[in-house]
Amino acid sequence: MINFPKRMTVIAPHPDDEVLGAGGTIARYADEGVEISVLIVSGHLPPIYPPEAFEITRSEAEKSLKILGVSRWEFLKIPATMVHQIPVADLNGKIFNFVRETNPDVVLIPFPDRHIDHRTIFDASVVACRPVNDQAPKIVLAYETLSETHWNVPGIEPSFVPEFFVDISKYMDKKQTALNCYLSQVKSIESRSVDACMALARFRGSQNGCSYAEAFKVVRIVV
Amino acid sequence: MINFPKRMTVIAPHPDDEVLGAGGTIARYADEGVEISVLIVSGHLPPIYPPEAFEITRSEAEKSLKILGVSRWEFLKIPATMVHQIPVADLNGKIFNFVRETNPDVVLIPFPDRHIDHRTIFDASVVACRPVNDQAPKIVLAYETLSETHWNVPGIEPSFVPEFFVDISKYMDKKQTALNCYLSQVKSIESRSVDACMALARFRGSQNGCSYAEAFKVVRIVV
Amino acid sequence: MINFPKRMTVIAPHPDDEVLGAGGTIARYADEGVEISVLIVSGHLPPIYPPEAFEITRSEAEKSLKILGVSRWEFLKIPATMVHQIPVADLNGKIFNFVRETNPDVVLIPFPDRHIDHRTIFDASVVACRPVNDQAPKIVLAYETLSETHWNVPGIEPSFVPEFFVDISKYMDKKQTALNCYLSQVKSIESRSVDACMALARFRGSQNGCSYAEAFKVVRIVV
Amino acid sequence: MINFPKRMTVIAPHPDDEVLGAGGTIARYADEGVEISVLIVSGHLPPIYPPEAFEITRSEAEKSLKILGVSRWEFLKIPATMVHQIPVADLNGKIFNFVRETNPDVVLIPFPDRHIDHRTIFDASVVACRPVNDQAPKIVLAYETLSETHWNVPGIEPSFVPEFFVDISKYMDKKQTALNCYLSQVKSIESRSVDACMALARFRGSQNGCSYAEAFKVVRIVV
Amino acid sequence: MINFPKRMTVIAPHPDDEVLGAGGTIARYADEGVEISVLIVSGHLPPIYPPEAFEITRSEAEKSLKILGVSRWEFLKIPATMVHQIPVADLNGKIFNFVRETNPDVVLIPFPDRHIDHRTIFDASVVACRPVNDQAPKIVLAYETLSETHWNVPGIEPSFVPEFFVDISKYMDKKQTALNCYLSQVKSIESRSVDACMALARFRGSQNGCSYAEAFKVVRIVV
Amino acid sequence: MINFPKRMTVIAPHPDDEVLGAGGTIARYADEGVEISVLIVSGHLPPIYPPEAFEITRSEAEKSLKILGVSRWEFLKIPATMVHQIPVADLNGKIFNFVRETNPDVVLIPFPDRHIDHRTIFDASVVACRPVNDQAPKIVLAYETLSETHWNVPGIEPSFVPEFFVDISKYMDKKQTALNCYLSQVKSIESRSVDACMALARFRGSQNGCSYAEAFKVVRIVV
C-alpha cells in the first residue's frame, strides 16, 4: 500500500530520545538500506547545565547514532527547557530546513508529553511537515519516550495510545547497545533504565503478536 | 516502510458502503494489481424490506463491484438492522472465515456510526482481525460512510477524524460510475448523493495536498 | 428558543479567516438585518513579512468585508506568529474591548488549530466572552479554517467536530466572490483554494440535509 | 439566529426523567407559548415490577406534566431495563412516529448514561431525528438525569459536559412542585432528592452567570 | 486519606482474568490480612466449548486462587460470549448480590475491551457498585487484561490509561506461579504469555518509580 | 489500601483557590491530625493590580487559612496572569522545593482551566511531583475552581470529570466561614459566590451518596 521508504528523518528533543523512542526502528531500516538522518534540537547546556554536560551527551550520542547506522546528524544546541523561548518562526524554520534538506519519506517526531521541550518540538515538527506541497513527507509518526510520555495526566493531557507498530525483534540487541552508550542518561533515573526499555518493547510486541516492537501514533499517512 | 500489498479485503455492512467509503481506493489498488475481495454482510431483506429489495441492490452491487475491479465477493444476507441479533460467535466466525480465506495484507472495515449494523460489524471485524498469529492482517483501516458516519453525536459518540489518506485523483471517475450503479440507494437521500460524495473526496484531498482522496482511521498497522 | 440576533461580532486571526470560516454566515445575517463587526487581530507584518504584505491583504480584506455586508471592522496589526508574545492581559483586554463596544448577541471565534495565532486568539476570545455579567454574549461559536484546522493531529490535539450548522445555500455566491478578493491568499496553497472551500461547504451541507452549510463548534449558548 | 420555536418534544425514558432533566425548560417555554409534547418510553412494569407500580408513576407523571404545562403526552409502556430487547426498527419507528406527529422545532432527548434504557433510547432518538429531510427537527439537545448521568465512568464512558444552558430562574418553583409530584421516585434515593436537583440547577446557573439553569449537550442545531 | 481495607472483591469475566489483571494486588493484600473474594462470571462452556473445557479451567483456577490467598470464590457459569444474552436485571442482580454478601471496601472490575463479555460485565459491575447507600463500596477500580484490553481501537473505543498503581514488586513470584496454573490459557496465545505479563508489570512499575506494578483506572473513590 | 496520610500540601494559584477547591478537605484532614501546608503562587500584584490589592487578599488568606487549620503557608508573589513568563525551570524549581520541604503524602493541585495561571501552575506542579524517587508524593489530585474550571470549552479543552470524592458534610460550615474571609473575591462575581460553592458541594455529594463533597481528578495514586 505504501512503497518502501528511501529516507527517514528523526527529530529528537534531547540526545537519547531518538534511541528510547525509535532506536530499534532506526537500526532495522538502516540495515534494510534506508538513509537515516537525525536532528537533535536541544541539550544539556548553560544556563541550567554546565558546558561539559552537553559535550558528554554529544559524544555519547555520536557513539550511539553510529551503532544504529544513522548516516547524518545535527545538533541545534538550544538549551534544555528553553526551546519554547525561541521565536516560533525560527524554530519552525530550522526544523523545516532539516526536513527539506534530508527529503524524507518518513519523519519520526516526539509525542507532546510531560517535558515542555517535547511539546514545543512536536508542534514545530508538525508545522514543518504540513502537506502543503509534493515535497511534504508522506508518513509522519510520533514516538513515545519512556517516563516523560507516561507522565501525562490521563483525561487531562493527551495519552499515548499507539496504532502503528514496528517489529524490532531482530534489533533489540542493537537498541540495547545504543542505549548503553548513554551512560549519563539511562542510569540517572530508574524509570528510564535499560530493562524498563526492554519491558516496554516486549509489551508493545505482545500488543500485535510479535516478540519486541516499537509503537507509534500516526500523525498522517498519505499514499 | 510497508511493502506493497498483494491482497485487500473489504467488509461492507450493506451494498453501497464499500463504494461510498472506499470505492476510489478499491479501483486504484485493483488497477495496480492488488487482488480485491468484498464481503457484504447485511442487506435489504424481510421482514423489514420486501424480498425484491435485496435482489435489486444485489444486482446493482455486482455491476458496481465489476467496475471497481473486485475479483471476489460474497453476500452473507443477514437482514438489515438485525445483525446484532446473530449470536456473536457466529457473526465473528463468518467474518473471520472470509478474512482467513482471502488472506489479505490490508482489511478495510466500516466505522462504528449512527447505523447499528455498522457498529456491530465494526466490532466483529476487529475481533476477526486480532493479531493473534502470523496470518493476521497487517493493516486494518476503518472507512467513513457519508451521512451515517457524520451523524454520530460529537462528544458522546466516536468521531471520524482520519489520519490515513489515499490519493484517488485518477480514480474519481470510476468511483462516480460505480456509485451511479446504485440507483436505488444514492438517490434516496440527499445526504448520500453523488455530488456530496465528490465534495467529501475533494475536502479529504485538500486536507493532505492532493485533489481527491479517501480518508481512513487507522485501526492497526504492523510492519 | 433563541431570539433572532441584532449584532454579531467575528474575531479573525488573519485577514481571510473570517471568510474561510464564516463568510456565508456573515453574508446571510447581514442580509437579514444583523449588524456585523469584524476584528482582525494579526497580519502579514514585519519582521517576518515586508511592510507591503500587510497593505495588500488589508485592501483585499476591505473589499471582501464590504461584499459580505460587514458594517464595522478593525485591524489590531499584531505581527503574524507573534501574537502569543503580547502580554496576556493586553491581548485579552483588546479583544474584550472590541466585544464590549460592539455589544453582540453572537460571537464567532477561531478554532484552536495548527496555527499558533489561532490558538492564542481562541484562548483570549473565550476569556473575553466569559459569562460574568449580563453584557456577556449569549452565543459563542468556533469556526473552522480550511487547512489549518484540519491539520490538528487526531487523538493528540482537539478535533473540529461541529454540532451547529448554518444553511448558506443562498449565499455561496457571495462567499465565493468574497474569497476571490483574497488573491494573495487563496491561490498560495492548494489546500485553501476556492474549490476546496466549496467542497467543504457542500460536505457540511450534506451532514444536515441542506445544499451548502458552514459548521461551528458550540462554545456556549445561553437562552 | 434561531427563530423562536413553536413546538417542543421531549423523549423521557421513565416518568420523572423529563422533570429531572428539563422540567424548568418545559415550564418556561410552555409559559412562553410553545406547545410541549412528552413521550414516556418505559416504566415500572412486570416482570420486574408489580402492575400497580406503573399506575402509581403514571398518575404522578400526569399530575406533574399538567403543572409544567405539557399539552400532550403518551406512554409506550415498555418494561424498564428491557427496552433494548425491543427490535431496533420497532423502537426507532415508535419514537420517529411521535416526533413526526408532534412536528417539533426542538427535541430534548436523554443523555446515554448508567441506565441501559437511557442509552437505548438516546440511540433510537438520534436515529429518529436524523436530518434526512425538511421535516427533521432543527434543534436536538440531550439533557442530564441526576444520579444516572453522573455515574458514567470518567475516561471510559461519555461524560456530560454541557454547552447549552436555559435560564430557569423564574421557573424553579414550578420545577420543584412538579418534582414533588413524584413521591414514589424522588424520595427513594438520596442522590435524586429535590434539594440535590436544586443544587444542580444552581451550579448550572453559576456556570453561565444566572441564578438557576438547566444544562444540555448539543446533538445538532441547524439554522 | 483512605483507611486500610478489610475486604476486597474481584469480578472476573473468565478464569485467569483475575490473575492477569490483579494477581499481584490480590497476593499482596491477602498477605497483608485483607479478606479477598472472587466472582468468576463466565467460562468455557457449551455450546461453544465442550463440557470438559470448563472443568479444566475451574480446577486451574482453584489452584491459582489458593496460591494467591483468596478465601472465597464462586463461578456463575454463564457460557463465554453469551453473557450479554442474560437479561440485564438478572446479571446485575447476581453481581450485586455477590458484592453485597462479600461487603467489600474495594472492588476490582474488568475494563470494557475487545472481549464482549468484559464489556457486559464491566457495565453490570458498575451498576452493582452504584453509590446509592452506605453499603456501596468506597473504592472501585478497573484492571487491564493483557491482549484484550490493548486491542481496543485508539480514538474509537476507550483506551486503558491508568492513574492508580499498586506496587507488587514483592509479589511478582506469586503472580507468576498463579499464572502458570492456567496451563490451558496462558500458553494458547503469544500475547498472553507469562513473560508478556512480566514485561507489562515492569513497564507499569517504571511509570511510577517502582520495580513491578499493576495498574488500574479509577472508577470511583469516596473517602 | 492506602495508609492514612501524615502531611498534605496544597498548591494554589491565587489566594482563595485553595478554599474554593479544597477548603472542606483541608478542614477535615487538619481536624483529623494531618499537617497541612499551602503554597500560594501568584497574586494581585503590579503592574496589573495596585500594590494594596495583594495585601488585602494576603490578609484575607491568612485569616482563612487559620480557620481551616493550615499550619504552614508561603506566598511566591508572582503577579497574576504573568506566571507563564517566569522561566520554566525556575517555577518548577520553586514548587518542587516547597513540595520537598513539606514532604507530603498527598498533594492537591489546580485543574488546568480558563485561567492561564492555573494551566501554568498545573503543569509545573505535575513536573514537581514526578515519581522519580521514593520521596515523590504518592497521591496527587487536581481540584476544581468554581467558574474558571467550568469555563473550559467542552470538546476542545479538558473537562473536569472527577472520580475522587471527599465527604465534607461535617466541614461545610468551616468551608463557608473560610470563604467568607475573602470579602474582596467572593463578592466580585456572581459565579463564585458562597451559595454557588455550597450548591456545587451539594451536587458533588449527590454524585456519591453523601450530603456534601469536594471532587478531585486523580493525577496519580501509588500504593
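Descriptive notes on the structure:
By letter and in written order, the chains are A, B, C, D, E and F; residue numbering begins at 1 in each of them.
What we mean here is this: a contact is a pair of C-beta atoms (placed from the backbone, for glycine too) under 8 Å apart; a residue touches a chain by one contact, two chains touch by 3 or more.
Quantities reported herein were computed from a predicted structural model and do not represent experimental measurements.
Chains touching both subunit C and subunit F: A, B, D, E. Looking at the partners of subunit B and subunit D together, the chains they share are A, C, E, F.
The chain with its Cα centre farthest from the Cα centre of subunit C is E. Of all residue numbers that take part in the contact between subunit D and subunit E, under half occur on both sides, making this a different-residue interface.
Distance between chain centres (mean CA atoms), subunit C to subunit E: 50 Å. Between subunit A and subunit E, the centres computed from C-alpha atoms are 36 Å apart. Across the assembly, subunit D contributes residues 131-133, 147, 151, 153-155, 161, 163, 190-191, 207-209, 217-220 that each touch 2 or more other chains.
Chain-to-chain contact here is organised exhaustively, every possible pair of chains being in touch.
Within the complex, the subunit C residues that touch subunit B are 146-147, 150-151, 153-155, 159, 161-163, 190-193, 195-196, 198-200, 202-203, 205-209, 217.
Against subunit B, in their complex, subunit E makes its touches with residues 48, 81-82, 84, 114, 116, 147, 151, 153-157, 189-191. The residues of subunit E lying in touch with subunit D in their complex are 87-89, 111-112, 122-123, 126-127, 130-133, 142, 158, 161, 217-220.
Across the interface of their complex, subunit E is touched by residues 154-155 of subunit C. Per the touch definition, subunit B reaches subunit A in the complex via residues 1-5, 29, 105-106, 131-134, 136, 139, 163-167, 207-210, 213, 218-223.
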